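There are two complexes below, and they share chain A, which is joined by chain B in the first and by chain C in the second.
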Partner chain A sequence: MSFDVLWRYAPSLISGFGVTILCWSAGSALGLVLGAAIALGRRAPLSPLQWLLRAYVELIRGTPFLMQLFLLYAAGPSIGLRLSATAAGVIGLGMYSSAYFAEIFRAGFAAVPKGQIDAAVSIGMTPLDILWRVTLPGALVAVVPPIVNTLIVLSKETVVLSIITVPELMYQMQTMAAETFTAFDAIFAMAVFYWLLVEVVSRLGRRLERSVTAFIRHSAGPA
Partner chain B sequence: MIDIRGVTKTFGTAQVLNGVDLTVGSQEVVCLIGPSGSGKSTLLRCVNFLETYDSGEIRIEGKLIGYRDGEAGVRRPMAVRQLREMRREIGMVFQHFNLWPHMSALDNVAEPLRRVRRLDGAQAASRARETLTRVGLADKASAYPSNLSGGQQQRVAIARALAMQPRLMLFDEPTSALDPELVGEVLEVMRSLAAEGMTMLIVTHEMGFAAHVADRIAFIDGGRIIDQGAPRHVLHESAEPRVRQFLQTYHDRNSF
Partner chain C sequence: MPLQAFFNSFGYFAQAAGVTVAVSLAGIAIGFVIGVAVCIARVSGGRWLGGLGAVYVSVFRGVPLLVQLLFIYYFLAELGLDVPALVAAVGGLALASAAYQAEILRGALNAVPRGQGEAAIAIGFSPLDTWRRILLPQALRISVPPLINEFILLLKASSLVSVVGIAELTRVSMNVASSIYRPLEAYVGGGLFYLVINLGLAALGNLAERRLAAGSGP
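So, the complex of A and B:
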């Protein structure tokens, strides 16, 4: 371990870590929004839309993330789509994760007992109120653990973005290793950064899980 | 109040309702009895159009539910907004309570008041509290459903429907999922509703309750009403062999 090398490269590693967090959070946010929209769309009784959304999910899940990135970044310009590496990375990560989030949301919606919806319908609540007050809170309990899990996977999936030259942590680490021949130190530093990120995410996830399942814990014992 | 005429429904190839005629007058309590699979619950769910029906008419205070009225030819579904407005006047209580588990008892009752009746938070909470008091659960307002016994959950569900101040109430086997010891408290609440003049259509297996509280009992089998009339008539004097057989089995099972 040579701390002076690490010290010298600290600014670039930290900036790489920043880019990693940015791509991960922006990509995941995009993926969550798209995924929720896809899951909702698949509940609508329009069969062509359902077919299309299902094909999208299967296509994204059925091909490698790296290939999708290449398609977006390298093949994009030939159809007039010019994106910066970082923009392609965020959009790519968003599309990639949306397929997985869509499936998680779909399972979550399905986990809400139909009787709870019947009750809301019989009372004359609007579909939007039912979604917001009955379906989503019920589904949330089921989706938070797999969503946190997917977020953790995605945080490390960001390393793939280095291949299309997004200056994230992996990219900076490779630069440092190449310039100083200190592979061990560079990889070690990278591991610490990712571990830190995952630790924070999983802690936040546990807290979120506790808050959405509060009503179950209320019933831990007899009244 | 409820006017059912010639209602039919098929699920796939199974004819579930086979031309049902039934009326429930204002402030009347009618109990629907019959074997399982006879179409009782389906009929009840057609009354607020949770289930669609194929032909015939169901009118609530003269208004056709589910379909556009007065149009010749193929029936078209009524506007969803109108359907919602009709449902708001019809309370429904389910076999499995169907409370929203992420809300306290109070919020289960207050939520529809806020969302549907547009009461503000304080008004909704106070009406919810009053209604919970009516069903004897004032002290359970802050409890969550999974913290309540089945009987208490069902009483919250009744309060949820009741707080909407419906013009009539539907009960779909409200005590069938309860431990025998908890049945009484739910029936007691229903008895008091009947005494206050609520119009009620009740699918039930509680013959004793039907005998004492119902103004009329209708026996349904194979998707049609086989016999109906005063409790005394249906339970003791029915000429229909199917009714007598059903009641005989019921007596045999419940005697010891």
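So, the complex of A and C:
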């Protein structure tokens, strides 16, 4: 591919990359918030709510992301839900990831040994202190690695948004390919680009993991 | 009558669900063969083969599946090969899945206690026998639940091959949606098929996990 094609299309490719980053970050943020809410809701003792949330998680995890996007974007208008492609993409990504985040949070809370909480109660810590100093740090350690993994998976899933015409990078690249007859070169460039992106994000993620879990190594020595 | 529309195209959906399962099965089976090769390369391939295996895993796990599928599709066209879209679809799923399966198998091999292999050598097993009778049976047992999980993931990922024109569940849902002007029923119907298949697979996975756990008692 001659580089002047890329140069000519640089503005639309850069804006596409911006939309990719926007969808990824907004979708993940929505997913994290929804997921935390679902995980907390599933700890509440109301059984119909628990049943409903469990059904939601199973539904989302049991169907393909592309199908959910079609349902939101193409079938939404028949129940009065009219969204722009980008809005549908962000909401779709958020709902999709919320089910996975919810399971991660649930497992995280469950990973804190009950003895630690009993011990905190017995030495007279207040419930808020227990949550802040015992439950949350313990859960955080269990939760960060799978969250980082899910974020990496989501960065790849943003490509699927191009199918419902969200103007992200893949969509812009395909437009360029169609207009300049450079399908193979364009898709090759995309493959290299996403590979590098995912490698960089994974490296950064591992670093974050290490820094969040550092206090375990610091306090692991004999007391 | 909303449900009428769904039942009218039920046969169409069922056939498409068959295509989805068939494409995914072919993908996971071919992917398993490639995955075993990549796993062996990584575990005992020395520096060059091992490095090659690591690059394979990194590339096929790092590049989004949709990009991989389109890449294979255009790559074959670039070579001037006129193969059916089905080949590109199954090939793409298999190559991507192989990277994940290789890692599952590698993890399972690492989970077999080191002493098992050493004990086998100590009582005079040949290296081949050690693999065939001691390491592989245990590694495969450990890897069955994650492999079933990978199959569920691949089955969902197979919705992307609709892009290269395979008439599987997602594509057929799109077709039904646009032919009866009832997108809600069409996509809910297609989604239900995925849900039923995946819940069935998940139940199978749980069963396998329990049976295998029962067999590996102390």
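A few notes on this one:
We take it that the second predicted complex is superposed on the first by the 205 of 223 C-alpha atoms of A that agree within 3 Å, B and C clash if a C-alpha of one lies under 4 Å from a C-alpha of the other, contacts with A are read in each partner's own complex, and residues count from 1 in each chain.
By definition in this document, a contact is a pair of C-beta atoms (placed from the backbone, for glycine too) under 8 Å apart; a residue touches a chain by one contact, two chains touch by 3 or more.
All values derive from a computational prediction rather than experimental measurement.
Of the two partner chains, neither chain B nor chain C is touched by A:Ser84.
In the superposition on chain A, A:Met125 makes contact with chain B only, while chain C stays out of contact range.
By the touch criterion defined above, A:Ser211 reaches neither chain B nor chain C.
In the superposition on chain A, A:Gly62 makes contact with chain C only, not with chain B. Between chain B and chain C, C contacts the larger number of chain A residues. Applying the stated touch rule to the two superposed structures, the chain B and chain C interfaces on chain A have no residue in common. On the chain C side of its complex with chain A, the touching residues are 58-59, 61-68, 70-71, 74-75, 77-78, 156-160, 162-163, 170, 173-174, 177, 182-184, 186-188, 190-191, 194-195, 198-199, 202.
Residues 113, 115-116, 118-126, 129, 133-134, 137-138, 141, 215-216, 218-219, 222-223 of chain A touch chain B in their complex.
Residue ranges on chain A touching chain C, taken from their complex, read 58-59, 61-68, 70-71, 74-75, 77-79, 156-157, 159-160, 162-163, 170, 183-184, 187-188, 190-191, 194-195, 198-199, 202. Residue ranges of chain B in contact with chain A, taken from their complex: 48, 50, 84-88, 90-92, 94, 96, 98-103, 111-112, 115-116, 140, 143-148, 157, 160-161, 164.
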